[in-house]
Amino acid sequence: MPFAVVQGEPWLTPPTDLYIPPDALEVFLDAFEGPLDLLLYLIRRQNLDILDIPIAKITDQYVSYIEMMNELRLELAAEYLVMAAMLAEIKSRMLLPRPVSDGDEHEEDPRAELIRRLQEYERYKQAAEDLDELEHMTRDTFQASAELVERHVEAVDPDVSLREIMLALSDVLHRADMFTSHRVEKEPLSVREKMSHVLERVSGRNFVSFTELFDISEGRLGVVVTFLAVLELIKGSLLELVQAEAFAPIHVKAKVS
Amino acid sequence: MSYDAHKLKQIVEGALLAAGRPVSLDQLQGLFSEQEMPEKKDLRDVLTTLGEDYEGRGIEVVEVASGFRIQVRTELSPWISKLWVERPPKYSRALLETLALIAYRQPITRGEIEDIRGVAVSTNIIKTLTEREWVRVVGHRDVPGKPALYATTKEFLDYFNLKSLNELPTLAEIRDLDSINRELELLDPDKPPPPGPARIP
Amino acid sequence: MSYDAHKLKQIVEGALLAAGRPVSLDQLQGLFSEQEMPEKKDLRDVLTTLGEDYEGRGIEVVEVASGFRIQVRTELSPWISKLWVERPPKYSRALLETLALIAYRQPITRGEIEDIRGVAVSTNIIKTLTEREWVRVVGHRDVPGKPALYATTKEFLDYFNLKSLNELPTLAEIRDLDSINRELELLDPDKPPPPGPARIP
């Protein structure tokens, strides 16, 4: 059984000008990164100048190689066949007499495009090897790290702008349909604030003297606000007024015991 | 120190730091071929020397249950911990609404907030607001369950640079803000223009 | 060394080791309160001193794209790599060539990579490179199909111990057929110099 059939001729032994050992054939697809890689291999192994490729020789080698792969029924990527066609075309153009060049305007070498692509590929092939030579983390060097046993996890509080609160309120009031309620609108916030203050002062205590709730230094308006707040609190059943007898001092008490 | 002990120390230091976790003496021995494998006693000696080298440094060698570990000195924690300080999270809409209602309707119970918002207020929200010291309990309403009454604090005013609650925008102003926002939305360049005839800006 | 410089060194060493990843000067400054924040110059000085301290030790300080890192010396890797059962990943030529093309020719599309390599680039390779965070999509070329444009990341530089793309090994030069022919002609002693005015190549 012939080793291969090349251009109709049976080969009983591997061709001597084929620089690839036969046992490499099985790993062919893994070994080469495509037709450019294979061509570079053929050129480099024969110490040929990439700028002056003996195109006929290389083409024959390449094609016999491809045919052998077919014989072995190895699936070939389409790119390999495209390259075979390109090589065949260059080969035939090389055989044609080249037109006489007039001055600098000479016809481009049919191999020029192939040479350019081979060189372009080769430089990145080299770059990939160089990259692999660089120090790799986890291969050549390792990140040094040490545990910090007691980590103070510092929680950072989110920032809030007043505007965000306004928008939130506007949303919730819209939902609750409270913008229509005049009662809410007219209520001055100072009274609400004072309600909280009064409530806080009386909470946890038995009785607080009514007059103690008022701070004269807040002025007339302050006293009015406090008074309104106390009334609001009484109305809301949060506060209770206590008077032992008529004209006795009035005391205030939180409604919750 | 002989070459070997010196090299040994390099390897042990490198291994402990590369591992970033405790390494046992057995594991350290496992780094060497059988011919050059150091005795455990030698490894202990090297670890002691290493510990001495680290005096006055940012790290130390400690022995824990599963072996030896190089760790960062605890006293550096106040600085180093800042490596993991996360960007502050954003408060949820629910929290902001709750805060706004407490500010504008104080003193108010959780149930009243829920009535206005129409949804339950999670305990977490109240907890967050209390821990931040923006909200506090000022009393309890005299109804069954005696619910707490919440109000804003001085810290709340300070944070927002307010002298008193009165400086908060009135509800009327908020309504204006609302309409201003709607206008802004119309002008938002990221938003597709409303359909209809093209407008020249 | 003053107390401050000494303390500073401890903190920097502790931070670099506790982080377990490269730390930038900005991040180091962020460990300090505003009053005690060191100048970047001082931090650089401390890092240099730290590197000197590490001479003859198992570790070294290196600067990579995302900052400074303490790493185990390369010559120790035969021992240290035994800490892990798994062998370090070996990358295929196809992956490395694709990565090299992205590194040197970025931004580049997959089609352009395929043109130069002369074979299809498998989706798996792009996926692996993206998952390792070595490459990312930085845009799309304005041609039919809008193919993604790939570029390398800081993580890529960090992994290969590089500060910037400038530190990549230089790319081999492309020799031009014409220029080589001219050179050969000029060097050929048997050939008379070409007629006409001298040309500067």
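The first chain written gets the first letter, and so on, giving A, B and C; residue counts start at 1 in each chain.
Quick note on the criterion: contacts are C-beta pairs under 8 Å (C-beta built on N, C-alpha and C of every residue); 3 or more make two chains touch, one makes a residue touch a chain.
Since we're looking at a predicted model, the values are computed, not measured.
Ranked by how far their CA centres sit from the centre of chain A, the chains are topped by B. Relative to the centroid of every protein C-alpha atom shown, the closest chain centre, again from C-alpha atoms, is found for A. Highest inter-chain contact count (C-beta pairs) belongs to A-B. With centres set at the average Cα position, the gap from chain A to chain B is 23 Å. Chain B and chain C have CA centres that are 33 Å apart. Here the spacing of chain A and chain C, counted between their Cα centres, is 19 Å. Among the residues of chain B, those touching two or more other chains are numbered 14, 17-18, 20, 59, 70, 72, 76, 80, 82. Shown for chain A are the residues that touch two or more other chains, namely 142-148. Across the interface of their complex, chain B is touched by residues 142-154, 156-160, 162-176, 178-179, 184-185, 188-190, 192-193, 195-197, 199-200, 202-203, 236-238, 254-256 of chain A.
Chain A contributes residues 33-37, 51, 77, 79, 83, 109, 112, 115-117, 119-148 to its touches with chain C in the complex. Chain contact summary for the complex, chain B toward chain C: residues 6, 9-15, 17-20, 23, 27, 30-32, 56-59, 70, 72-73, 76, 79-80, 82-83. Those residues of chain B lying in contact with chain A across their complex are 14, 17-18, 20-21, 59, 69-72, 74, 76-78, 80-82, 84-91, 93, 96-97, 99-101, 103-107, 116-118, 132, 136, 138-143, 146, 149, 151-152, 159-160, 164-166, 168-172, 174-175, 177-178, 181.
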